[in-house]
Every structure is written in C-alpha cells, then in structure tokens.
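So, here come the structures, one by one.
Next come two complexes built around chain A: one with chain B, the other with chain C.
Up next is the complex of A and B:
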C-alpha cells in the first residue's frame, strides 16, 4: 500500500509545486492522476520514486517511510515508466534491455531469465526479444520500458503519459496490457492528459491543480462536475460531450462509446417496437 | 550590458582577458574579478549565474593548490587562479547577456567568420544546457531501474555505460534531426541575410573608447608602476 501524507515540495523557495498532498493507493487499484501542465502530477510521482525528497510530509510504502530510500530501493516495489522510453534504452536487444533492472537488483540468472520471459510475454514482445530496441516504433519502445519495469517484479507500476506520441491502435494495445496487468493484481498509477483513456480504463481519478489535490473520486463523479473539470484544465471525453448534448432526447451522459452505443441501440429498437 | 551590440561584448571579452594578462598584482586581479561580479549583479544576472561562478572559484582554488604543490610560489599560484576566474567570468557575462542568434550574426557579418564555423560554435554552446537536462533525465530513468553508480572503479565504469549509451544515442539522433531540419530550411544554400540588427551604436563606441582607455592605463601602469 502507498500512503502519501501531507507532502509538499518546492523547486523554488516559497513556490510549492506539490502542496500538502495526501493520497492513499490500495493494492490492485487503477488510479489516474490528471491535471494541466505544471499542476504537479509528475513531481508527485517523482516524490514517490524518491528521485526528489519531500520538503514536508511523509511517503510510506508498505508501511515503510521512503525518505531514506534510494530510487533503486523503491524500484523493488514500484516500477516507473518515463514518458520518453529513449531516456533508458541502451542495450542491443529487447531481452537484454529488459534484463538490466533485475540484474541491478541482484536477481539470480534463472530468476532473470524467467522474469524477462514473463515480462515480454505480458507486454506482447516475445517475438521481438532479439530485436534492436532503437529500431522499434514508439509504442513498441514504450512496451519495452513497461517490460523493463515489470521484470523487476514490482507491486505498483507508475506510468507518466505512456500513450503520448502513439497512434490509436498502439494506445489501445498499451491500455489493454495495463488493464490485464491490473486484472492480475498489479496496482497501476497512470499520469495522463488523455480524458478518453482516463474515462475508459481507470476506476479512480485524482486531479491536481497548482500543486494541490483538488479531486479524488470515481471517474463518473469527476465528469459529473462539468464546471470544475474545465476550471482544472481538463476536457470531458468527446463521447460525454455528445451524449450530454442529447439529454433532451432521453439520452443520459455516458463516459464510453460502448455505453453510448448501447443506449442508442436500445432507443432505436424501442422505437421500432 | 544587455543593450550593447554583440561585437562590443565580444571585444569586451577579449579586453578583459588582455587586462588579466597585463595585471600581475593580486589586488589588481582580485579587483577585476570583483568588478565583473558587480557587473553581473548590476545587470540582474548574479542570481542566475552565481552557481557557475562558485564552481569556477572552486576550480581556481584547485588550480592554485596544484600549482603550489608542484613547486610554484604561493603568490604566483594565487595570481594564476585569479587570472583564470577573470577570464572565465567574462565568458559567463558574454553568454548570459547575448542571444546565440545575435552572437552568430556578429561572428559572421562583422568578424567574417565562415557561417558554418560560427553556427558550430553557437550550437555547441546551446547544446550544453540541453545535454545537462538529458543527462539528468537518463540518470533518473536508470536510477528507477536500480542504477546506483556505487562499487569498485571497474564496476562503476561498466555501470556508467547505462548512462552514456542513451545519452550518446539521443545526442546523435538530435544532431541528425537538427542537421536535416537546417538543410530543409536552406542552410548553406548560398548568400544569406540576418534578421537581427547587430550594428554598433553610440553607446557601443563609448564603451569601446572606455576599453581602449583602460587598456592603455593598465599598460602604462604596468610599465611605470609595475602593477
């Protein structure tokens, strides 16, 4: 379990980028952290990874205070996937790149082979195990980064804008992988700007604005507060906007295209009947 | 300082280096360093540059210690350190007060440096902060995968490959993209023009006259009074 207790952080004196934030993430949750650029969401995840230390407050990971732990110590429990996978890729094959983390954490040779094979399978990269990672597409490189984190056997996976710069099919594929991992018990924390992805795939949303946590609840509750959503620099999903415009025809606002289609089909079939 | 033409600031950089060579007394060299720091404070750039100045001072102190340890007398060693601070600080002033585009324009149109060389020089300077930012991003990414950089020298050296690899590959990729982008926008296609006006104005001529006077004064002072 991850507990963030009244944490603050400033890059410049007197200008907090994270201001007195408290947050608890239970095992198995799929949480999205949203907010406009500069709202403090990436800083919050960097604090979790001990890449920077809180000015105030405490971060507890499985009951242990992380203030004296290095990012390498945290990596045993939390896998972090950066926005740009090129920041980390340096080996000649996908498999050896994935093996870097387990090697650093002191896994045995057998454990490394097994964890790499499992991570590649979970991310759909088994067929690319011997490929040169730099030649892969952006989406495939992002999956290599996820596999690299998974191979270290973390309980929690944090992903910073993993779908940026990817086409629709790659985004869909990536989100399916994350949903499957969550279904297998992994806790997923997703930093995202993409409201369609947030609405479709995550269960809980945390919204940051000017370093402050302004919302923490279900996705349905979030988009029920239309005025605040815009004030926080977010945009409601396109399908929500369309369905909201059709409320006078008996359609209720929906977060996903599937639910919206179901309503329309139901209405059309009812009309015919 | 911000309003002076880039050529004036380039000449100022050379002038300060000449003054540092002319001066031999510790007091004179020290005052030259203090004057430059005061100049940075006066143009509101001290807060932005003080870390660089402190690093220079640390490096100069190291230089003094090495010189002293190798048998130089203390006064000569300290003078060497101060001279290094004087010459390096003026480059900090030049880079902090001049836009790279203006510097390239001045080098090409007024100093008649071939534009490929001028561009190479200014691009290399511009790459330093980008490179540092990339280096930080790579270090953080690998730290999250267990990189610590601890252990024996051999272990640290091999571990360092995890940082150097992505950094070099990204730098190569970035320079390739930049080269293509420049070619696609006509770099080296023939006679070029500049949108920046870097011509000298009255304040530049006054500053240049002041620099000539100070240089003459230091030369005379050294010859007559042995400064």
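Up next is the complex of A and C:
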C-alpha cells in the first residue's frame, strides 16, 4: 500500500510544485493522475520514487517511510516508466536492457533469466529479445521500458504518459498489457492526458491543478462535473460529451460510439414506429 | 497554386529499404493538410522531405522530386529552403539549442541576419502567441515537456514562414493545450500560412484541415477532403482504429439510414442529433 501524507515540494524557492497532497493507493488499484502541463503530476511520481525528497510530509510504502529506504529498496516495490523511453534505454539488446534492473538489485543469474523472460513475455517482446533497442518503434521502446520495470518484480508500476506519441493500435496494445498486469494483481498508477484512455481503462482518477489535488474519485464522478473538468484543463471524451448533451431526450451517457449509436437508433426508430 | 508538390517521389535512407514509395500529392498554398498513418509509415520522413532535410542532410537514394514553392528541393539547399519553410520535429528537445527561452526564439532570427533592433519585439510577439510570455529569462532545461514543445514551435513561427510543417506538435500537451495549439494553427492558416501536420489524434485537427493524407507502408493510401478520406478509411478498413469516435458514431448511424451534414466537432453532432431526436419525439407524440 502507498500512502502519501500531506506532501509538499518546491524545485526552487517560491511556489510549491506539489502542495500538501495526500493520497492513498491500495494494492491492485488502477489509478490515473491527470491535470495540465506543469500541474505537478510528474513531480508527484518522482516523490513516490524518492528521486526527490518531500519538503514536508511523508510517503509510506507498505508501512515504511520512503525517506528511510534506499532507492534499491523502493525499486523492489515500485517500477517507474519515464515519459520518454529514450531517456532510460542504454544497453545493446532488449534482453540485456531488461536485465539491468534485476542485476542492480542483486538477483541471482537464474532469477535474472527467469524474470527477464517473464517480463518480455508479458510485454509481447519475446521475439525481440536480441534486437537493438534504439532501432525499435516508439511503441516497442515503450514496452522495453515497461519490461525493464517489470523485471524487478514491483508491486506497483508507475507510468508517465506511456501512450503519448503512439498510434492507435500501439495505444490499444499497451493498455491491454497494463490491464492484464492489473488483472494479475499489479497496482498501476498512470499519468495521462488522454481522456479516452482514462475513461476506458482506469477506475479511479486523481486530478492535480497548480500542485494541489483537486479531485479524487471515480471516472464517472469526474466527468459528471463538466465545468470543473474544463477548468482543470481536461476535456471529456467526445462520445461522453455528445451523449451527456442529449440527456433531455432520454439518452443516458455513454463512452463508446457503438453503445451510443444503439441508443440513438433505438430512439429514432421508436419514434418512427 | 501549389505550396508543396510531391511528384512521384521515392526515398530510401542510406543502406535501408524504400521508406517513401512514389508519392504523388499536392499541398495547396494556404491549405491545412494532416498526414496520418501508423508508426513507421514514413510520416516523419515525408515531413523532412518537404523541408529538404531529406535528402540534403541524410543522403540516401531518391527518385522523382519534391517541389516547394516552385523550386525542386534537390536543386536548392536546406538554408535556402528554410527561408520559406519551417519544420518542427516530433523530438522537439533535439532542436532546442539555447540556454534561455528568449535566446532560443531569437536564434533563428539571428541566423537569418534580422536587424537586432527588431528581434526583441518579434520574440515577444511570438512568445505571446504560444503562451510563453513572461518566461523570457527562464532556462530551457527547466521547462516542462509541454512548454518545451511550445518553445520549439515559437522558434519556427518567429521567422514568419510561408509554410509550416509540424510532426506531432501536441504529443506532450494536455487536452486544453492541444486545443489551444490547434486553434492557433487554425488562425495562422486563415491568415494565409500553409500548414502540414502529422497527427495521431485526428479529432484534434479535424475542425481545421481541408486535406487528409493516409500514409501506409510508405505509400499514399488515401488523399482527399477530410470527410471523404475518413469515409474511405472506414469503408475499406484502412487504419480504421484511428477514425475519431465522433466519426465512428456517424458512420454507424448512417448504416441505419440516418443522414447528416458536416461533423467537424462535438457541437456539430450535438446540434444535428438534438434535431433528429426532437423530431422523433414529436412524431411519437403525435402518433
């Protein structure tokens, strides 16, 4: 379990980038963190990883204060995937890149082989084990970064904008992988701007605005308050926006075009009949 | 008038297979074109070919030609082409070179030997446009991903190019920032700037474009007005997963006999569906 208790952080003197944030994430949750550029999302995840230390407050991982743990201790529990996979990939093959984390954590050779094989399999990279990471597509590189985090067998996986700059098919593939991992018990914390992904795949949304946590609830609750969603720099997914604007005709809010079209066709044909 | 013309253009990077295969299409002067397609289709290479970076910088083999404002890129130089064409790459960090925001935006002007007295006001004006005013003295390294992306755009806009080519310009922006960016591009286009943009999220560009090009495996699969192009992608199952949900809805409704006008944004759909549902309600009440 992850508990963030009244945590604040400033990069330089002045306005805090993360301002008195409290947040508890239970094992097995799939949480999205959304908000404007510069609202403190990435800083919050860096605090969780102990890459930076809170100016105030406390972060507890499984009951232990992270400020008393080494980066290695934290890496055993929390895997982190950066926004830009190029910034974390440095070895010559996908398999050796994936093996780096477990090596640093002192896994035995046998454990390394097994955890790398498993991580590559879960991310659909087994066939690319010997490929040179820099020659891969952006989506494949992103999966290498996820495999590298998974190989350390963390309970929690934090991903910063993993779908940005990816095409529709890669995005679906990536989200399927994360959904499967979540189904197998991993806690997933996803920083994302993509409202469609937030709405379709996550259950709980946390919204940051100017360093403050301004919303923490279900995705349905979030999109129920449209004025605030706009104020926080977010946008409702298109189909949800259109369907919510038609509730006076008896339409109930929908997320997918398929469901929504069935409702409308039913109404229109009902009218004609 | 053509701003950019791909005339049977093919290209391969050194020691690599063909990336662009016999491209034939025009970007009209003053138009707004979106290039879409899966990763690896050749979209970025196409952008670089339109700016002359391919083949001038990368070498490689090419056939056919790319004509920009009446000049074959092969017969010109990157420097000469840069006077009329600005290119913002997807990897925006790779094109940021200066220490501060102000220096970064001034860089292109200094290279173009613009009168130093004019530079400061031009930089100001451009930073205002992209929403970075007030950050002149900030270090580039301290900006967020979205701010860096807008800074790269400012560096391109400040030279007032006739043609602006952008590769995934909103990939690091939040939904509001992306909508603002495309609003800005739409306004610049209305003022006469020719714009070509690579974008994964078709819904973002749809309100602004007049041409959609689908690139598949280095070849042009579809080039048409946006509605017609999306209709073809839907009917023929070409890169169907990229069709915006709003248009997916429309095509599903059309299958059941519904007919609509142009849908470019959510408000269009709300208006037309409200009218249809209202009519159905009245019919059922009168029955």
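Criterion: the second predicted complex is superposed on the first by the 252 of 273 C-alpha atoms of A that agree within 3 Å, B and C clash if a C-alpha of one lies under 4 Å from a C-alpha of the other, contacts with A are read in each partner's own complex, and residues count from 1 in each chain.
Following the convention adopted for this analysis, a residue touches a chain if its C-beta (ideal position, glycine included) is under 8 Å from a C-beta of that chain, and two chains touch if they have at least 3 such contacts.
Keep in mind that this is a model prediction, so the values were computed, not measured.
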Chain B versus chain C as contact partner of A:170, first or second or both or neither: second
Which superposed partner A:72 touches (first chain B, second chain C, both, neither): first
Which of chain B and chain C A:82 touches, first, second, both or neither: first
First, second, both or neither for A:144, with chain B first and chain C second: neither
Touching partner for A:105 - first (chain B), second (chain C), both, neither: first
Residue contacts on chain A - larger count, chain B or chain C: C
Contact residues of chain A, present in both the chain B and the chain C interface: none
Chain A-touching residues of chain B, taken from the complex the two chains share: 134, 137-138, 140-148, 161-162, 164-166, 169-170, 173
In the complex with chain B, residue positions of chain A that touch it: 46, 49, 51, 70-72, 74-75, 79-80, 82, 84, 86-91, 100-101, 103-105, 134, 148-149, 152
Chain C to chain A touching residues, read off their complex: 37-40, 90, 142, 144-147, 168, 171-179, 200, 203, 239, 241-242, 244-246, 248-249, 252-253, 256, 258, 266, 269-270, 273-274, 276-284
Residue ranges of chain A touching chain C (in the complex, touch as defined): 11, 35-38, 42, 83, 137-139, 161, 164-170, 172, 193, 195-196, 230, 233-235, 237-239, 241-242, 245-246, 249, 251, 256-258, 260-261, 264-265, 267-273
